[in-house]
Amino acid sequence: MSTFKPAENIEENPRVKAVFDDIRETRNSDFINNMWYYIAFDEDLLERTWEEVKRVMAMPSILDPLTKEMLYLAVSIANSCAYCVHSHTAAARAKGLTDAQHSEIIKIISLAAKTNHIANGLQIPIDDVFDMDNS
Amino acid sequence: MSTFKPAENIEENPRVKAVFDDIRETRNSDFINNMWYYIAFDEDLLERTWEEVKRVMAMPSILDPLTKEMLYLAVSIANSCAYCVHSHTAAARAKGLTDAQHSEIIKIISLAAKTNHIANGLQIPIDDVFDMDNS
Amino acid sequence: MSTFKPAENIEENPRVKAVFDDIRETRNSDFINNMWYYIAFDEDLLERTWEEVKRVMAMPSILDPLTKEMLYLAVSIANSCAYCVHSHTAAARAKGLTDAQHSEIIKIISLAAKTNHIANGLQIPIDDVFDMDNS
Amino acid sequence: MSTFKPAENIEENPRVKAVFDDIRETRNSDFINNMWYYIAFDEDLLERTWEEVKRVMAMPSILDPLTKEMLYLAVSIANSCAYCVHSHTAAARAKGLTDAQHSEIIKIISLAAKTNHIANGLQIPIDDVFDMDNS
Amino acid sequence: MSTFKPAENIEENPRVKAVFDDIRETRNSDFINNMWYYIAFDEDLLERTWEEVKRVMAMPSILDPLTKEMLYLAVSIANSCAYCVHSHTAAARAKGLTDAQHSEIIKIISLAAKTNHIANGLQIPIDDVFDMDNS
Amino acid sequence: MSTFKPAENIEENPRVKAVFDDIRETRNSDFINNMWYYIAFDEDLLERTWEEVKRVMAMPSILDPLTKEMLYLAVSIANSCAYCVHSHTAAARAKGLTDAQHSEIIKIISLAAKTNHIANGLQIPIDDVFDMDNS
């Protein structure tokens, strides 16, 4: 279910088509996932979101592409975004995520959540040595 | 501020001392951060939490130690755990996190949060190809 | 899917009928959305929830009805409540939300989430001038 | 630090004084915690919030007072509300929470968070038998 | 929809079968819910998750089984885990949760969320008496 | 406390100075809040974050500046970002937020959180009429 219905034939809009073409070329795939169809009603939102996703996630950088997808997935899980968990699990697999790696990140993410709730639960005070302002 | 006050001389408890000694040896450091002092009032909670943290985070595995800390940090940020953000940023630095890497993961984490809110905001339907049950 | 199945013919209960009639009259519509059917198993929960929603959201106040719905929607997105995002997007549209406004609030909400994660990620200290207790 | 500074002598306002007196009488204590001082700038917010807290938490009901405080604490931890974790840990202790119970609820809360992240992480489909609409 | 497809005949794996048998015996039921099928691709994740869930939730402890399920449910609601809300509502019902109790915990959980947002919204400072480190 | 210590004399970096000057000019104020000092270690992060905040929040648009700040604040409260709640409450006040409006948005935000938890708690199914894909 969705709160928004994308327009038919949305690629007839040249600004939308330009972004979709760049997505296809960047990903070397004809497939455009729903995220882009659903935000295409506002060309500005579409163009800027894609520009940022492309720059941060698809351009070469210090971190390798799979590590970046794993981080994206970790945040999406913690923020309970079903769409994003699905799309970034698929993206991570496309970049080589193995079952063994998948299992390991689930162990780390769920352990982090567990200790997050312990620390928040007891309101554990931050150690002075962790405070960079006093270093 | 804390909702709990650790006992004085808590290492006089041999079960607590055994865990603290293992933390020091595993980390090759004399420093024990507050997390462990504050959960030491229940030896079972202390022993099992450390056992899991050690196994998942400190033992050799498929992912390298820095990647694991970055994932832990990503979840802690999304879950708004101030203690955990501080302790795992320190841990990531101890494992070699550079300023450039730190900046890059902040860019990825904050972009993920942004698109999480876009996808949840428009309730974008999950693409059929992402559904593994139908694959 | 639901964890609860509303009773059949729940409006035969006069307390439920009284609330449903007030919802219809207040909204000038025959439609009762699922929220009210699903909490009607406890008349007290139904009556008090509706009384608060009516008073805060439907009664004239300083803020205009559309602004109030946009705020409600912003919180529902951040809290990842799929039902509430759907129902309050519909309510906002009924109160005049245009596509251009919809797009703008998505841009604000997702930017806020992005900087929330930056500020939590770096644990940026609160500026003294923001502290009203010291003003 | 606070974003709001309560007025001096706020109990000179008779509506505020009436609520504060009722808090003192209900709790059989002279102490008024900051929550009530900080929302007293709007008498309506103060009166209605206290009315609901009193009715749900302080009036006799099916659940015993300590169980109710533990549930309140669990939600406050998951929602990362530092103020609420502090105030409801204190309230739970005042109602008899022992260290052993405190430790046990921390174990349950943190385990729940762990499996929440596993289930959200793998997007585990809901079993048909859990769907009450089909029962 | 799921991001993972469990293997067919997964119980042919003896480590998986051993866990599933223990789940059936512990719960005195033939039914294995999806959680366990979906994490069975990694025997270690399956065994350790079940061991912890069994120890914390199924073994006799200070808190009674229904109170423990209610706490688990409260966290799952706040963390917006649809799967967990469904499975732990079912578990709570199996342990005797009545409609009246269900309604009461919903009132407590939703009130807690309300005051969590008030306290976070005004950044109410924590009362000195709540700070155990200074006690 | 912070996990990062901004460099001394950071405005000696011309890219940082250019952004800080634009912040001062846009806001017509000499004050630069900590957010910008703490992300200035990465000029790209600083420049792009400010560009987006300026474009979305400071440029004329359909929504008025105060409404935009209220939406930003609502998300920051729900995401439990203490820094952002402080900075955007101050920003909202600078744009004219009155005590009466402040109180009203707190009532809306906290009510939304309450019904978010009711809807998530009972997993209320989304009404068919809310599904735009079927419209």
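As written, the chain order gives the labels A, B, C, D, E and F, with residue 1 at the start of each chain.
What we mean here is this: a residue touches a chain if its C-beta (ideal position, glycine included) is under 8 Å from a C-beta of that chain, and two chains touch if they have at least 3 such contacts.
Being a predicted model, the structure only gives us computed values, none of them experimental.
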Touching chain C and also chain E, the following chains: A, B, D, F
Proportion of interface numbers common to chain A and chain F (over half same, under half different): same
Far-end chain from chain F, centres as C-alpha averages: E
CA centre of chain B versus CA centre of chain F: separation in Å? 27
From the mean C-alpha coordinate of chain B to that of chain C, what's the distance rounded to whole Å? 33
What residues in chain F touch two or more of the other chains? 1-4, 39, 75, 77-82, 85-86, 89-90, 100, 106-107, 109, 111-118, 120, 122-123, 125-126, 130-131, 133
Classify the inter-chain contact topology: is it line, ring, star, complete, or other? complete
Please give the residue numbers of chain A that touch chain E in the complex, ascending. 80, 82, 85-86, 89-90, 99-100, 102-103, 106-107, 117, 125
Which residues of chain B touch chain A in the complex? 1-4, 31, 33-35, 38-39, 49, 52-53, 56-57, 61-63, 67-68, 70-72, 74-84, 86-90, 98, 100-101, 104-105, 107-109, 111-120, 122-127, 129-131
Could you pull out which chain C residues touch chain B in their complex? 73, 77-78, 80, 82, 85-86, 89, 106, 109-118, 120-123
Could you pull out which chain E residues touch chain A in their complex? 1, 3-4, 39, 41-42, 44-45, 75, 79-81, 133
Any idea which chain C residues touch chain D in the complex? 1-5, 126, 130-133, 135
